[in-house]
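In order of appearance the chains are A, B, C and D, and numbering begins at 1 in each one.
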Amino acid sequence: MYKISKENLPKLYTALAQQGRLLLPCQNKDGKTDFADYTVTAKVNLAATLTARSAKDVFFPQVENLLKFSAQGKKLSLEQILPSSETVIVMGVRACDARSFKILDRVFLKEPVDSYYQARRENTLLIGLGCTAPEETCFCHAFGIDADKPETDVQTWLTEDSLYWLPVTKKGEALSEKLGALLELADETEQKKVEEQAAVTKKILNLLPLHDFKINDKLPANELKVFNSKVWEKLSSSCLSCCTCTYICPTCHCYDIRDYQAGEGKTERFRCWDSCMAGDFTKMAHGNPRKTRLERFRQRYMHKLVYFPENNDGVYACVGCGRCLQKCPVNLNIVKVAKALEVSEDV
Amino acid sequence: MQKIGVFVCWCGSNIAGTVDVAAVAEAVRQIPDVAFATDYKYMCSEQGQAIIRQAVKDYQLDRIVVCSCSPRMHEATFRKCAESVGINPYMVEIANIREQCSWVLKDKAEATAKAIKLAKAAIAKVRFNTPLHAGKSNVVKRALVIGGGIAGIQTALDIAEAGYKVDIVEKEPTIGGRMAQLDKTFPTLDCSACILTPKMVDAAQHENITLYTYSEVEKVSGFVGNFDVTIRKKARSVKADMCSGCGLCTEKCPSRKTPSEFDMGLKNRGAIYIPFAQAIPKVPVIDRDACLKFKTGKCGICSMVCPCEAIDYTQQDELVTEKYGAIVLATGFELLPLDKFADLGWGVSKDVISSLQLERLTNAAGPTEGHLVCPSSGKEPKSVVIVSCVGSRDTTERGKTYCSKICCMYNAKHAMYIREKYPNVDVTVFYIDVRTPGKGFDEFQRRAVEEYGVHYVRGQVGKVVVDGDGKLTVFASDLNSGRHLMLFPDLVVLAAAVKPAPDARKLATMLTASIDNDDFYVEAHPKLRPVESPTAGVFLSGMCQGPKDIPETVSQAGAAAAKVIGLLAKEHLATNPCTAMCQENICSGCKTCAHVCPYGAITYAGKQIITLAGTREQRTVAVVNEALCQGCGACTVACPSTAMDLKGFTNKQILAEVDALC
Amino acid sequence: MRKIEKLMREKAAELLADGAVDRVLAWRRGEFFYDNAPAFFADAKECEQIVYDEFCPANLCKYLLQTSSKGLKAAVFLKPCDTYGVNQLLKDNRIKRELVHAVGTPCSGMLDIKKIKTAGAKGIIKVEAAGDEVIVTTALGEIKLPKAELLLDKCRMCKGNEYKIADEELGEKLPTPVFVGDKFAAVKAIEAMPPEEKFAFWQQELSKCIRCNACRDICPACTCEQCIFDHPESPVAGKAYADPVEEQFFHIIRAYHVAGRCVGCGECARVCPQGVKLGLLNMKFMKDINTFFGPYQAGADAVTPAPQVDYKQNDYEVSIAVAGKRGK
Amino acid sequence: MLEQNNTYQPKIVAFCCNWCSYAGADGAGTARKHYPANIKIIKVPCSCRVNPLFILRAFARGADGVILCGCHPGDCHYTTGNYFTRRRMTLLLSMLDYLGVAGDRFRVEWVSAAEGARFAEVMNNFAAHIAALGKNVKLRDLRCAK
């Protein structure tokens, strides 16, 4: 394990920025913290427990152009737009977000592979950051995530005086070597410190309101009963069908592909996030398979809690980051849904 | 794929002189769905149109773009041409490359480039054109005239003469209106009654005219050619068919407390009364608020004296419903109530009267048999002051900003009445300006000054003070000499502003005929359609549209009649196909659109809707009456969900043009 | 507020029990003490679950669309500010009056948990308002904080404790937080900026938007059956901003569509997950409407036509909007 | 004339109502009154048909200026159309100005059928005004860059 003193962090950032495009939690004008490009003036805020938006944009941006085609008179010409191949380093990734990438991999990297996602994934290096101040909305433990050990190329921990640095993957080690003297070795006692801090975090987690929350593992087995459960009507009735939950969710990954007519025969084809909450979601020639709010609402949670695990070795499409608990305009969230199903006689 | 044909016109050298027409044709030929493009010297000529017809056949064109002069010139021509080869006329678009291009530009390259752009825009639009069909609606061959004054009577007579049925609805017990109250008329000074009453009789006797007096319009629905109107015939309490009009009842009626409306309150009338001797119909009415029989149950004298047992205390209001093809508004005017003019002595002294009261005082059939006397004393005045512009051209809240137009002339007339009959009565007219345009008008006014020795003083009357024993003192200023004047007349006449009849607003809402801030009806176009209201099938006659004198009123009445006749002469009305349309699956029924529709063309109905999502629901949605809609498009923008669109100018069409031009 | 909660439960149970209404719209407890959520109640027995405290900011009126369209009669608990929304829905003909039983519910201002947290309270267990103070019970003990600073932004713009529509009222009206100062101050500040500064400001603001549509979906004025932003045929249909200009379009058009309809409930800004200052757009139009067309408050009643569907022959000319700058 | 000496030619879209302003434009043509070639007219039945969406779209597509012309208030062929236009566009203009995007690139002018010469004059003034402002970069959709 290495360490670097807090006052030297700016040096670290500059060094990392030389290795590629560096993204890390920065505080914006309104005091909100989000992943942003590192600049000397940026207000880096590693201490923030959770960024407002997840880091999924790094691999799966909300909008990305796929190709252009243009018509000259009666001729048509095509041009594919490829994602940039620059190295990206994301620092300060929390364990929940780190796990979400593994979940997205199951979607985008299985055949047919999404070359855009794949390219970004390969060009990106993740530096995780152990949690020290989990919030009451946190429930990553419900998915066996260790808040202290993000599944990233490098794991880091922040103490009052230093940042501790542990390369985990080859990529991570390579990076650490490049940083050379910036990182000094951490001795036994210091490693202890980090472990103690981890223990404290665990204690806090156990005090939080959702510490004993878990998803009923019988859900997939009872698929049909769950699908037909009465709880959906009650739950969905207060849903606004806005897309907030799906857009801030680190594991939601639906997208739409659209054409934009730029005039004079020019057209751009791009893909953008879609949301199962949207009225025209999966609208097809014959119409829309899910016409009502209830159906769309149910789809989202059935997908996360039933369909996805069914097709992915029991892995739920949720990492317990708690963003939906914080952001839903009407305080609906996956916890509420899971609990409702728990008590309903359908499971 | 669509097959668009583009035809570029040279317009001789008008276009070809500045625009490389061949280049325009060549440029658009490159566009995938342009199946044919050519240019020709005169596209509008027979040969030109032949080229279009041929091309349509040879290339199975389904859409046509003509690059030529303004659509205001030849759009109709090319639409007809298209129709002649089986293409819907609304599949034609015009690119205006003359007025908007060759005529305003000099540089050929520049002009050609613009012409190509304009052509491309027209092509972009025409892609979204859809066949449109003018609807047909029938015409009920009967007209309704609301108001039985000179305007209404004249309009009715003219329509009736043309052979169409006309009904007149008059809210007073008799027709005749304001003109009947007048003594003489300018500029000829002939007796008002002598020229009006014959017309009243004609109207009453005309086989095509039906009179509904003492009646009001209750409800109007429908649209041009097909109005449904409900008329309330108020109970006269007298059986018109039995009454001989002898007037015995009116003489014997014991109730004498009600001021006569006709005599402007200068005299009282009975509870049962006939407004004036030449009233038509000459059938009395019982004013139930004044009648002792109705108030106390006692009395009943009228029915006792009536020789023909015509009195019927039990009579009820009657509702008549009738269909009409056209409606004429001739609701006339009244004088501005002067309550706010106490500073001019109004309401303070009986000897401060309005011009209409003066008309009654000088009228041989009036309360004083035409003797000019001061209402307070009954004595003849020695001097009279006439005040112009009382409430006219007045920007304060008590007055009207407009000029009442007729006052300058009738002031001169009144001055003459007086000087004619009572040469030693001194008459002074205070004025801001004397406005007497019109045939023989200025001469008339000058005669008042030069021959009748009326004093005209340019200046305003500051106030009229009434002292303890009722003497009047007029404080005024003479703007020409800059002197302050103090006069001691026995009679002061206030030339009060005219204003539309109070029920104008009510009718306007019934008919969706808009009115302006002063409640005058608005014309469809202030210059080009002065006797039509914006609502198709509704026409304007007389004072209700704006201040007018009798000659003007009569000529406008004739004009309105002509318009009505023109409408009634039609078997069918072709409705404008470029109307608003409601996409019901989007419409929320929020009723915003109806607010901005000047024609009341939008109503709402509950319907089974298949939503975009594919669900079925019962919803209230907007319904456009295509016969009423004139296609302005106000509703399309008012609609937040763009459910309202305009045929011929759809959002898609306009946006396509925008994209093509930018 | 606890007292009112009791009254609410009784009233709701009573109305459902004697079949006066089919549904009751109220709030239900969430996962924590501060995330009470809107909820439908159909069963008198359930009404014990109704909660009402300083964490019930949601305006329930929009849920009337659901009940009204199904022909269900619903009782809805309305804070004074919420009543404006109901009137707007009625004016827009989106709900049926006879299917609404409006219950005026006293309110003395709703609290913003974010503000309480940023005020430094850690491990919060319970929050209670007492007069103009807020008592925050944390794992480490009690803290007293001034209530005014912890109110939701929308409550700092409180329109007072009058109900603009109510079939009945619960208990006594409560004193509402008094908003001091010019509510258009923020708008005026932006108006005063030079164009470049305005542009920069809005670029920064609007680029936060992720087009989740929460602002639209919570808005009592946004009740189109088919929003133009969702309609495939619409020129502005889109799910995301492929070009920055679209951020401006979305917000200009959204604000424009609710201009004259916006009742100023502040819900849009409250629910925005990205903290876009949406109020500044709506308030701008409110200010313009008042200055250019005369005083108007949407939702004050259910009949007065919106200024855009009305006119005066002597209205200002369009250039008045920029008259200052164009010197016209 | 200014716009001729100027190498940069602003792109301008003019919405004209059919009854007054479009006829006015015809009048300008008939009287051979010059105005810049890059002012292109779109005919609408009434100024009240013009949806703010059209104006924003024009800017997005790269228009440097947009001008909306209708009958003088009181003369509207549909009697009330331009009264509504006036209110709607006041709000739109105000918002464009508030966002600092195009407060000075959008204008509403009343031009009657008789005012051919004035039509040209209005267009020349507007073109000169826009030329002075330069290209519209703030409200344009970069994908449409020509």
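Here is the rule we go by: a residue touches a chain if its C-beta (ideal position, glycine included) is under 8 Å from a C-beta of that chain, and two chains touch if they have at least 3 such contacts.
Small disclaimer: the values here were computed from a predicted structure and weren't measured.
Farthest from chain D, judged by the mean position of CA atoms in each chain, is A.
Here A-C and A-B were compared by C-beta pairs in contact; the pair with more is A-C.
Between chain A and chain C the centroid-to-centroid distance comes to 30 Å (mean Cα coordinates, whole Å).
Between the Cα centres of chain A and chain B there is a gap of 69 Å.
Between chain B and chain C, the centres computed from C-alpha atoms are 46 Å apart.
Rounded to whole angstrom, the centroid-to-centroid distance between chain C and chain D, based on C-alpha atoms, equals 37 Å. Multi-chain contact residues of chain A, defined as those touching 2 or more other chains: 260, 263, 268, 279-280. Among all residues of chain B, those that touch two or more other chains are 596, 612, 638, 642, 651, 655, 659, 662. Among the residues of chain C, those touching two or more other chains are numbered 232, 235, 242, 308-310, 313.
Interface of chain A with chain B (complex): residues 71, 73-74, 261, 263, 279-280, 287-288, 291-292. Listed in rising order, the residues of chain B touching chain A in the complex are 30-32, 612-615, 659-660, 662. Chain D contributes residues 52-53, 56-57, 60, 73-74, 80, 83-84, 86-101, 103-104, 107-108, 138-143 to its touches with chain C in the complex.
Here chain A touches chain C in the complex through residues 29-32, 52-53, 62-63, 65, 136, 207, 209-210, 234, 237-238, 240-244, 247-248, 256, 258, 260, 268, 270, 272-275, 278-280, 283, 325, 327, 329-333, 335-336, going by the rule given at the top.
Chain B meets chain D in the complex at residues 70-72, 96, 98-101, 103-107, 110-111, 113-114, 117-118, 121, 514, 522, 524-526, 534, 578, 596, 598, 630-634, 636-638, 642, 646, 649, 651, 654-655, 657-659, 661-662.
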